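Down below is the structure, laid out as structure tokens.
As written, the chain order gives the labels A, B and C, with residue 1 at the start of each chain.
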Amino acid sequence: MKIHIRNGRLIDPASKTDKALDLFIAAGKVVAVGSAPAGFEASSVLDASGCIVCPGLVDLAARLREPGFEYKATLESEMAAAAAGGVTRLACPPDTDPVLDEPGLVEMLTHRARLPEFAHVHPVGALTTQLEGKELTEMAELSEAGCIAFGQANRAIVDTQVLLRAMMYAATFDFPVWLQAQDPFLARKGVAHDGEVAARLGLAGIPVAAETIALATILHLARETGARVHVTRISSAAGVEMIVAARAAGIAVTCDVAIHHLHLCEMDIGFFNANARLDPPLRSQRDRDALRAGLASGAINAVCSDHTPVDDDGKQRPFEEAEVGATGLELLLPLTLKWAQEMKLPLVTALARVTSDPARILGVRAGSLAIGAAADICVFDPLAEFAVTRENLRSQGKNTPFIGYEFPGRVRYTLIDGHLAFDGTLS
Amino acid sequence: MPIATQLPDAEALCVALAEAMRPHVDPAATALVGIHTGGVWVAERLHAALGLKIPPGSINVSFYRDDFSQRGLPANAKTSQIPFDVEGAHIVIVDDVLYTGRTIRAAMNELFDYGRPARIDLAVLTDRGGRELPIAPSFCPHSLSLPAAQILALERAEDGGLSFRLIDK
Amino acid sequence: MSEFGKPQSPQLNSHGELQHLLTIEGLPRDVLTRILDTAAPFSEVAEREVKKVPLLRGKSVFNLFFENSTRTRTTFEIAAKRLSADVINLNISTSSANKGETLLDTADNLAAMQADMFVVRHASSGAPYLIAQHLAATGRDHIHVVNAGDGRHAHPTQGLLDMYTIRHYKADFTQLTIAIVGDVLHSRVARSQIHALTTLGVPEVRVIAPKTLLPTGVERLGVRVFHDMREGLRGVDVVMMLRLQNERMQGALLPSSQEYFKSYGLTPEKLALAKPDAIVMHPGPMNRGVEIDSAVADGGQAVILPQVTFGIAVRMAVMAMLAGNS
């Protein structure tokens, strides 16, 4: 299968390329950029007029809800959502049911996900069994089964001795440790940022200190153990400052932010909008502005969808009883473009945060259009509007605070290993 | 239908109404109840003219109107005040203008929630026709015919003088 | 404020009239004043031989209590019955909720029984909003929702009856200094009181509590914060006490009820720092010896029982106004 993508504007953040260039694909790999190699005869020509051609998006957090929560979403529905969103590679957190703490489960998941039109799936293995924060998992076995990192999803390890040992053990094998920074005691029963909106609506608050205290613990232990730590879903200005300071002090720590937190703040809870019930909570406007700036400067390394499909029964409840999370795979690209436009960032910088930068955190060779790279490609029209409606969303989760809005940035084609996984000209 | 109707003199009608009632009231036992707002003013005049002993009551029929579900609650609902024992009393309901009869029905219903009167009469300054219920005044010194598009309203000047005014809906 | 903005309040209809009563926050001053004005004639109904007016005759009012509160349910029941409504009481905490039926399932079922009004009490903040929004989304917005207390969020009829009480004893809101004392953090009553008082133009609303019982950023609701009760009570016209739940003694919010009483209990000696004609209010039920001394609760400045009486008239006014705005 030889594919010629023509008339597009090619943006490859890895090589800082932003130029009108055609792209040539053969046998699932990029074979040429600009002009066709000698003797190239395309079996398929994709028209990218008016479009940007970039590496497929790499999402550091997408819950596929398998195994265990198939009533919320299935691999098929969420993979269709990923392809429609231009996402060609994703990491999935271990908080499935059963938890991803056994090699067999991980193998089953990666095996199920091995279809040509499915994005590449990288499971994050559980750091402790059942995510209970008591006993270590068989990390080496899990790594062999396909886990690229070990984490706790959004369940904390309460016992700091266990946390220390888990990080030491992971560091032994140089396995990355992905941790969300939220102190479980300060966050107990909390459902919203401990600020003006929580005070007004009578919601139990989660103070910023829940993040900074947990982050301080993680950073100290990272220095102590030398573990490769990636902090997931940073939510506050103070948290970003701590990450920057830690790096300055020589701790090799990376972090990401969820796409919702770049655009929303506590005010968006409005009158108890359960779709704005997220973990970590939407914080103040000042925090949101710091996250936006931090991602632009690179203090925050990547932005992810934190895709969490929830069925209507889980959301049509009083705010504090509603399940947390928002659907995000199909919103990652348009909301990243919106952020870039508002921050007046060059697209090559903005797209790095969803392609080459997260690929580096995953530790995989991806997110680049270099010759010989896997042909994981996203072709999108930056001006065409994407209307966020229940009908348009392919994910089984229709839970998003952005429902009813329209954003520029619609995917035209998604290719995975040179296979056309999504064709937006058909819909 | 004549447009310009000669409006009656409200002050003169108050005097005429009092004279019509005088033979039929017992100053020691008859009680007046005025309907908010015009009826209360007329009841005050009658009370003085007839030299009644029992203080006049006032009634606000907002809570008893049959058009509540269409019109809702008025913004200026006043409190009903019945300063005497309704049980076994002779009561004269006083209003300014008798029209459909619905207000009078509401007033009677409300009075019965205070007790069971021995007798109720109805005194009005004028009857403008247009009855929708089988209700007739006991005392009424004047009548006229008005189109449904017009409202005949009693007004009180700052000096206390009463007069009628015609309002187009 | 985010560009995605604040949605339109679901409690006002397109004419700006009350469709539901969910919170006092955001209600215009004239709407509040009108409710208080309307309550006045209803208070007289209780003096009659027949304590009933026919405004809600043939209407069905469902008291949906997902959280037990005999006292509040009873006042709503009396108010609805004095308006001639048929009242159906449902204590759902002990029935369907345990069988897995969702809040909206319950609302749907009762709506199918031709309900005209839901009076909702729920332990979760925002539950009455969810019902009101669901009714609107399913084309049944002729059913009115009255919030009878949701989580820590709001208890608007309590706030209104408190305003009615203050207006009864103190003529002009714009001349008053008012202190709210106690567990503001967990109190839906306090939030409704604060919104009502600031909307009605009270120039100084104080809250008096230890830091553990105040929400973060409470001053942004328009109140002055005091931690010293003596200082906070100085010169006030109205003292509004809040109930301290017994469970607050757990979870490290307070050391003991004795120590709380010492610092924040209202005693005659502390009350003497307020204006001589200050009134003392309490939403009930009182914890004597915890937040209030019996000598104050039973004293000449307490207006706690009149609050209960006025509460029925205010709830009648609210229900009648809602039923009239169809």
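In the analysis below, contacts are C-beta pairs under 8 Å (C-beta built on N, C-alpha and C of every residue); 3 or more make two chains touch, one makes a residue touch a chain.
These numbers were taken from a predicted model, which means no experiment stands behind them.
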Min route length, chain touch network, subunit A to subunit B, equals 2
Of the chains shown, whose Cα mean is nearest the mean of all protein Cα atoms? C
Interchain centroid distance [CA atoms averaged], subunit A/subunit B, Å: 76
Where the CA atoms of subunit B average out and where those of subunit C average out, how many Å apart are those spots? 39
So, in whole Å, the Cα centroid of subunit A is separated from that of subunit C by 44
Going by residue number, subunit C touches two or more other chains at none
Complex contact set, residues of subunit B against subunit C: 60, 62-64, 68-69, 71-73, 75-81, 86-87, 109-110, 112-115
Quick one: which bits of subunit A touch subunit C in the complex? Just the residue numbers, please. 194-196, 198-205, 207, 263-265, 267-268, 270-274, 285, 288, 313, 316-321, 401-402, 405
Write out the stretch or stretches of subunit C touching subunit B in their complex. 17, 34, 37-38, 40-45, 48-50, 52-55, 320-321, 323-326
Using the touch rule from the top, collect the residues of subunit C that touch subunit A in their complex. 1-2, 4, 6-7, 9-10, 25, 102-104, 122, 124-127, 129-130, 133-134, 150-154, 188, 191, 215-218, 220-221
